[in-house]
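Look for chain A in each of the two complexes below; its partner is chain B in the first and chain C in the second.
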Partner chain A sequence: MSDAPPGNPADRDPLHPGTSGIWTFLFIDMAVFGLLFLVYLSERNRLPEVYRLGQAQLTPLAGLAGTLLLLTSSWAVASAIHALRADQRKAATFRLTLGIVLGLGFVANKLWEYHLKIEHGIGPLSSGFFTFYFLITGLHLVHLTVGLGLIAKCRQRLAAEAGELSFQKLLENVGLFWHFVDILWLFIFPMLYLAGAR
Partner chain B sequence: MAGNQTKSGQTKSGETVLRRVWLALAALTLTSTLIAETAHHSAYSVIIIFAIAALKAELVLTNYMEARKAEPHWIWMYRGWIVVVTVMLIAGYLV
Partner chain C sequence: MEESSKLAVNRWLAWTGPAFVVFATLTWGVMGHNIPPPNMMAMTGEQLVSEYYGKYPSIAPGMVASASVGYFYATWSALLASLLRDENGHLSALSLIELAGGLLTGWLFALCGMMWATCAVLVHQVDPGIIKALHTMTWFIFDCTYGMTTIQMVALGLYTVLNKKQTMFPAWAGWTTIAIGLGFIPLVIMPFVTDGPFTVPGLWNFWIVFGAWLLLFFGVYNYYVLKHVYLSAEDQKKAAGLKA
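Showing the complex of A and B:
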């Protein structure tokens, strides 16, 4: 009988990014978003003109700004994890702060976009397209806000817990969640703002 | 000491890769926006726009998420998702 604690050995391997549980969780969440995209496409094919007109009312530059903010935030968090592994605590803290600030920039950009739409009398019930627009970007925004809270919590605990494997795993899990939010947006942006809008 | 130097060297080269990947991601994002804004809706522009999204997702998966260091099945599961969603989006916009 082994004395080793039960569970996946990968969860105790410092070279394995995050724990096995986060990879499972994110994949399930991705599958749910995949289904949402499928329903959107099905409705878009039923009423192509309604969706094309809805897409034409979005501002691609706002979507572009959000994408660049999120990609840069993702880089900052990935870079913070590298710094933590090298025991560069100040650099890791600074990069997590940068990741949070850029993430907040994405939130501000998205809220500004919502404000402009509502100001023009466009809401989630204006058309089928805008139902999907508010639902998909809103769900993404909820994920992003949760991610920001988790990064902020890690930043707060970093000084005291850096050097512990459990903290490294925690930050890697949070980083994986953040990059997953990024990957979702990499598809949402062209799907809603770019393809078929003209 | 030597261990620290090795660790520091690995971090530096790792960070150079992260920076280059960020540059590539930003350039690809600008390219797809430019294509969408200048080209008329065509099968080619739809395919290119979603193929660029798939390439960007692959770059994030392998470089930022370090999927190659995770248990081997995950990289194929996540790549499978990227391929399925990309094909689905291209088909959905072209049908």
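Showing the complex of A and C:
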């Protein structure tokens, strides 16, 4: 099945970023997260005080650090794709490595935040807000971990497959997924940490 | 079996999908007063008896009937599995996972229906606390074993997305199915909350999860399965991406 040529001609166009499959997946994943965000907002509207108290127990600086780490990681992966297109393999490898390191930084930051919460006796069942906090950030973390694994796999294969269109498409797909993870966080951070917290 | 008989059998089986939707809605949903179900985690046993089981005499027959309807889901899932073949006509692990998930989901629907029927029949004979315990346990089983349905949906979605030779189902339907299957995960929060979107009748765990499952997974695949089985045998082979 995996050896079959892609059905959409745009999938073989080097100027068309990624393949149709990843765009479809991202659209649907975005819709799922969008629904989750809407449910969160409706609950926050229903119980403003519970959510305000929950938000006050978060550390916005940790969220900001995560944002900067993820944005920089996304930039590194995007510039790795540009380097690959220009056949600069060493630069592409370095930038992918940088993307992974920064992504791991985000993971460490998030785990540290979870640790602080659990240490203070706060868990997913502490309040409606924290159910959403752990669910949304947990699902985002799962996406991020998958993305890191995919970037690591691409980095490993880069030296041998850099000249092939299929590899370029693969890396573009991974890059699009990584941007999506980044964009999700740009919604999650203000929604959970900032809006209505003070 | 002759080709015409095979086509006829598949067409009958394809209609067990829509039949499941209609009869499950009528029996489990309308007669069982489950649109939405009561939030038992926020109710005492006495409240569950007076406001639900003791109030609606249609629950017992509705649940017994829904148990029979559950098997329609199994037959539809079996037909679907038979369509998920590789280019040589062989079933794959994904087909078998889809089948296993569909059978288990059908069985779960039937089993839980009978457990709720037990509560409805015994409502005035046993302690309300026992009614609540059995009712709650049944909902825990029904919701928290979502993994059976999720594996069915993910396997079906992966087949749809990865088998680029088949034209029975569009890729978007495959991705949507995977996303909805994974969207069941918050069901595990249900045993621990008494209020909000993750309770049994909550916005996420009932309206969004069941709504998306019914309309965007079951509705969509029902449509494409029905469309497929009414093609000629030759066109069905082409649509399934089978070698001539």
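Structure notes:
Just so it is clear, the second predicted complex is superposed on the first by the 192 of 198 C-alpha atoms of A that agree within 3 Å, B and C clash if a C-alpha of one lies under 4 Å from a C-alpha of the other, contacts with A are read in each partner's own complex, and residues count from 1 in each chain.
In this text, a residue touches a chain if its C-beta (ideal position, glycine included) is under 8 Å from a C-beta of that chain, and two chains touch if they have at least 3 such contacts.
Quantities reported herein were computed from a predicted structural model and do not represent experimental measurements.
When both complexes are superposed on chain A, chain B and chain C sit side by side without a clash.
In the superposition on chain A, A:V39 makes contact with chain C only, while chain B stays out of contact range. Touch counts on chain A: comparing chain C and chain B, the chain ahead is B.
Judged by the touch definition given at the top, the superposed model places A:H179 against chain B, while chain C stays out of reach.
Contacts of A:S20 after superposition: both chain B and chain C are touched. Shared-chain residue A:G163: touches no atom of chain B or chain C. Draw one line from the C-alpha centre of chain A to that of chain B and another to that of chain C; the angle between them is 120°, to the nearest 10.
Residue contacts after overlaying the shared chain place A:L125 against chain C, while chain B stays out of touching range. In the superposed pair of complexes, A:L135 makes contact with chain C only, with no contact to chain B. By the touch criterion defined above, A:D29 lies against chain C but remains apart from chain B after alignment on the C-alpha atoms of chain A.
Think of it this way: put the two complexes on top of each other by chain A, and the tightest Cα contact between chain B and chain C is 14 Å. Comparing the two complexes, residues 20, 31, 42 of chain A contact chain B in one case and chain C in the other.
On the side of chain C, the complex with chain A involves touching residues 86, 161-165, 171-172, 175-176, 179-180, 182-183, 185-186, 189, 192-193, 195-198, 203-204, 208.
Those residues of chain A that touch chain C in the shared complex are 1-2, 4-7, 20-21, 24-25, 28-29, 31-32, 35-36, 39, 42-43, 124-125, 128, 131, 135, 139. Of all the residues in chain A, the ones that touch chain B in their complex are 8, 10, 15-18, 20, 23, 27, 30-31, 34, 37-38, 41-42, 44-45, 60, 63-64, 67-68, 71-72, 74-75, 77-79, 82-83, 85-88, 175-176, 179-180, 182-183, 186-187, 189-191, 193-198. For chain B in complex with chain A, the touching residues are 7-8, 10-11, 14-15, 18-19, 21-22, 25-26, 29-30, 32-33, 35-37, 40-41, 45-46, 49-50, 52-53, 56-57, 60-61, 63-67, 69-71, 74, 77-78, 81-82, 84-86, 88-89, 92-93, 95.
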